[in-house]
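After this come two complexes, each holding subunit A, first together with subunit B and then together with subunit C.
This part shows the complex of A and B:
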């Protein structure tokens, strides 16, 4: 489907959200909670904080839950019952809308989709991803930690959004990128006014601070560079960068159970943990935190792009804002580009 | 930004220590990614000592780095510490993790550090409503142990008593068990098992944490009700009588679990039961490392 363009007043946007809530959609939006802002379910439009740049955590959990049951089993006598976890995932997100996220967060979905459909089709991820509807709002004022423009997106990019809203005074322009977005707004189409593409304001000329290709070309040649060991002495290996990242997707498969029943689950995992690469022999190819942070950089800015033509980073800057030791990935990526 | 007098004093001490060869590494603070942030700095060359700085944004407890293998390799280390952080150094010495002979303590007088989430939004004032709760109950604005002391240029923290530190503890104590369970179930539900609390803690130094032991698997790996509760409770007990209250676990937590309510409650209980506060005396035996005939034993029926 070709993109469609609409206009919607602020008042009608409110009606739209309240009507989809009334029609049993679960609307997830940035909400103020515990002194910060997190994504959470809203019951009324006003609960959404649309002024905040980004919630502290991404909404990755709606695509890849922090713990997901792959299958369950139980024994009775000589019989074993197995229940496929996929059954409980079927239809997940069908009536769920992420509202008020930003273009960076929206960009993460299609980037992650590539690895989840590479040599093996991850049905759990796919089932959640195909059903989730994303209504994002373009950023007007990115902060100093943002670098989506460097990461081939922009504060106004519609990549990954089903509907992208662009604020203009007290109304919004809505770019509907495909069927999913159109299906969401169709029952409420009287709240929207269709317009032609030329009525939508052109994108701002967002400036780049560095070229990510240069960062990559440094990484291509400098695996052993002492920058990594020195710069990441201050890394405590807490993994907050990876857990709050919208694109980090590593998981660990574990079994839990007893003599009668059990299950196989996958939990979020992080390359920043010392045991992530610990072999049963006792050998660990990534001994230092410098080795581990380098791995994160390599995966984001080199390895993934070589395999999937996309960098594994949307430039949201969460890893920098949330790092307890103030490691700023934008500054690091620029350092590397400068050294290339 | 220009150097303050505090910065100059820190830089001089660091230079002297590195030049004389008394230490091969100084761990301190330098200016961070925005004007309201500081970050750790590792100085091995005297010419880099000029980057050392201190401000009410120096929130990190640098003692956390003393447990890191990459840092331990440097041997003799100088470390910049606030009063709270210094207690972590003491506890590490008490628990034989580091030797007093290998550490030069550069104590900084601190009158409170601004909560990072509000500093990021532009808060620059140090006041009872902007600092961490730990600062409001702080009795070690000047560290209890130091080799060098850098006095503060900041005004003393004025406490009107209007802001009650850790006021949730009293509220929780007055709750029924069911209400307490509900409160913590709600908090632990947020946990994502990133273990940032553990990594940010200067006293969580086990080379293999119990959650990483899987023969048998003592702690459920899931990040659901059972796994989250097991993890948070076991960490609380492992820190009781040891936590020095730097609050780094709570600051690092990406989902804002009020971990210091647990730690502070544990510290209060340990003090009431054993008259012991952690990290005040390097010659004291850790409270759960000794047996005393005076210990209460009325729980044995």
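This part shows the complex of A and C:
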């Protein structure tokens, strides 16, 4: 489907969100909680904080929950019963809307989708992704940690959004990118006014601080460069960069239970932890925090892009904003590009 | 819709206590073996204790069962170790690439195994022995730290009975017993003493990283093997085995999908990340 363009007043946007909530959609939006902002379920339009640039965490957990049951097991005598965890995911809420996220967060979905469908298909991810409709809002003022433009997106990118809203005074322009977005707004189409593409203001000319291709070409040739060991001496390996990242998807598989019953779960994991790659023998391919931060950079800017084109980063800057040691990945990526 | 993390239940047909802390377990699914190729691996678990990754160690041509060997050292392997004949093991696989046997046909083969690294060697070696006429001379060099650490002792005689097949067993200096009749010396040292040349030959080498490093050096520098004719397997910590969980990569290569089998030539192009 070709993109379609609409206008919607602020008042009608409020009606639209309240009507989809009334029609049993689960609407997830940035909400203020515990002195910060997180994605969470809203029951009224006013609960959504649409002014915040980025919530503390991305909405990754709606695609890849922090903990997810892969299956449950129980032993009875000589028999083992297994209950497939996929059944409950497949039967879950079919109507979930992420509202008020930003283009960076929206970009993360299709980027992760490639990993989860490379050869083996991870239907846990696919089922959740299929059931999400993404209504994002373009950014007017990115902050100093943002670098989506360098990551082949932009503050106004519609990549990964089903509907992208662009604020203009007290109204919004709505870019509907495909069937999923159109199906969402169709029953409420009287709230929207269809317009032609030329009525939508052209994108700003967002400036880039560096070329990510140059970062990659440095990484291509400099695995052993001492920059990695020097620059990340201060890294305490807390893993907050990976947990808050919308595209970091590495996971652990663990069993939880006893001799009678239990479940196998997958949990978010982090390449920043020493145990992540520790062999049974005691050997560890990645001994230092420099080795581990290098892996994160390699995965994002080289390894992923060689397999799937694009990069495993949307430039949201959460890893930098939340880093207790103030490691700014944008600065790091620029350093690498400058050395290329 | 398939859940790729869902294991199958395999029945334990036989448990062979190889050494004080290693066992070989033979399994069946629906009364028989599974289809796989030599070099491939699987995820094994006693549910409740977590999964472990092991190479399959039997010849895929022996269809009545499939087997793996393991050392018990952690929670997951202790779980598997507690099981008895007739119990069930949860299994996912086979995964990964495999030894390219088409390249090995008609050539002399030297199999080099160290410690429990003999397990993946055993699979491809028995596969070749099962089709003995397809290959030239076969030399098997197997080493362990001590006599007590040697696996597969009960089938050494079986390997030797094939025509034009030689088995050399060695233990590290100090690991011999008074009645030991095999060699004493590190695997690379013994390897260099063998009358083998690189021409028309393929070497398959698996074992601890330090042994691989020096065995590769011996084969290349002292014995004239081409890097492309030396094949080894990499082991990295894995969880999914499916190219998703993100920990087994060496540079851009995922051991679970692009490996575990690599030639020495391929290893040369990888960064020092294993």
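Methods note: the second predicted complex is superposed on the first by the 336 of 340 C-alpha atoms of A that agree within 3 Å, B and C clash if a C-alpha of one lies under 4 Å from a C-alpha of the other, contacts with A are read in each partner's own complex, and residues count from 1 in each chain.
Going forward, contacts are C-beta pairs under 8 Å (C-beta built on N, C-alpha and C of every residue); 3 or more make two chains touch, one makes a residue touch a chain.
All of these numbers come straight from a predicted model, not from anything done at the bench.
Contact with subunit C, but none with subunit B, is seen for A:122 once the two complexes are overlaid on the shared chain.
After overlaying the two complexes on the shared chain, residue contacts for A:71 are found with subunit C alone; subunit B is out of touch.
When the two complexes are overlaid on their common chain A, residue A:9 makes contact with neither subunit B nor subunit C.
In the overlay built on the shared chain, the residue A:49 is in contact with neither subunit B nor subunit C. Looking at the shared chain after the overlay, A:217 reaches neither subunit B nor subunit C. Residue contacts after overlaying the shared chain place A:273 against subunit B, while subunit C stays out of touching range. In the superposition on chain A, A:94 contacts neither subunit B nor subunit C.
By the touch criterion stated above, A:252 is placed in contact with subunit B and with subunit C alike. Shared contact residues of subunit A with subunit B and subunit C: 252, 254.
Those residues of subunit A that touch subunit B in the shared complex are 33-36, 38, 56-57, 66-67, 144-145, 229-230, 233-234, 236-240, 242-244, 252, 254, 256, 265, 267-268, 270, 273, 275, 287-290, 320-322, 324-328, 331.
If you check the complex, the residues on subunit B that touch subunit A are 32-34, 37-42, 60, 64-65, 68-71, 117, 120, 192-196, 199-200, 208, 212, 217, 220-224, 227, 248, 251-252, 254-256. On the side of subunit C, the complex with subunit A involves touching residues 1-7, 9, 45, 47-51, 71, 73-74, 77, 86, 88, 208-209, 235-237, 239-240, 242-247, 249-252, 257, 271-274.
The touching residues of subunit A, when paired with subunit C in their complex, are 70-71, 73, 75, 78, 80, 82, 84-86, 90, 115-116, 118-124, 127, 223-224, 249-255, 257-259, 262, 264, 266, 269, 271, 276-281, 283, 285-286, 291, 295, 298-299, 302-303, 306-307.
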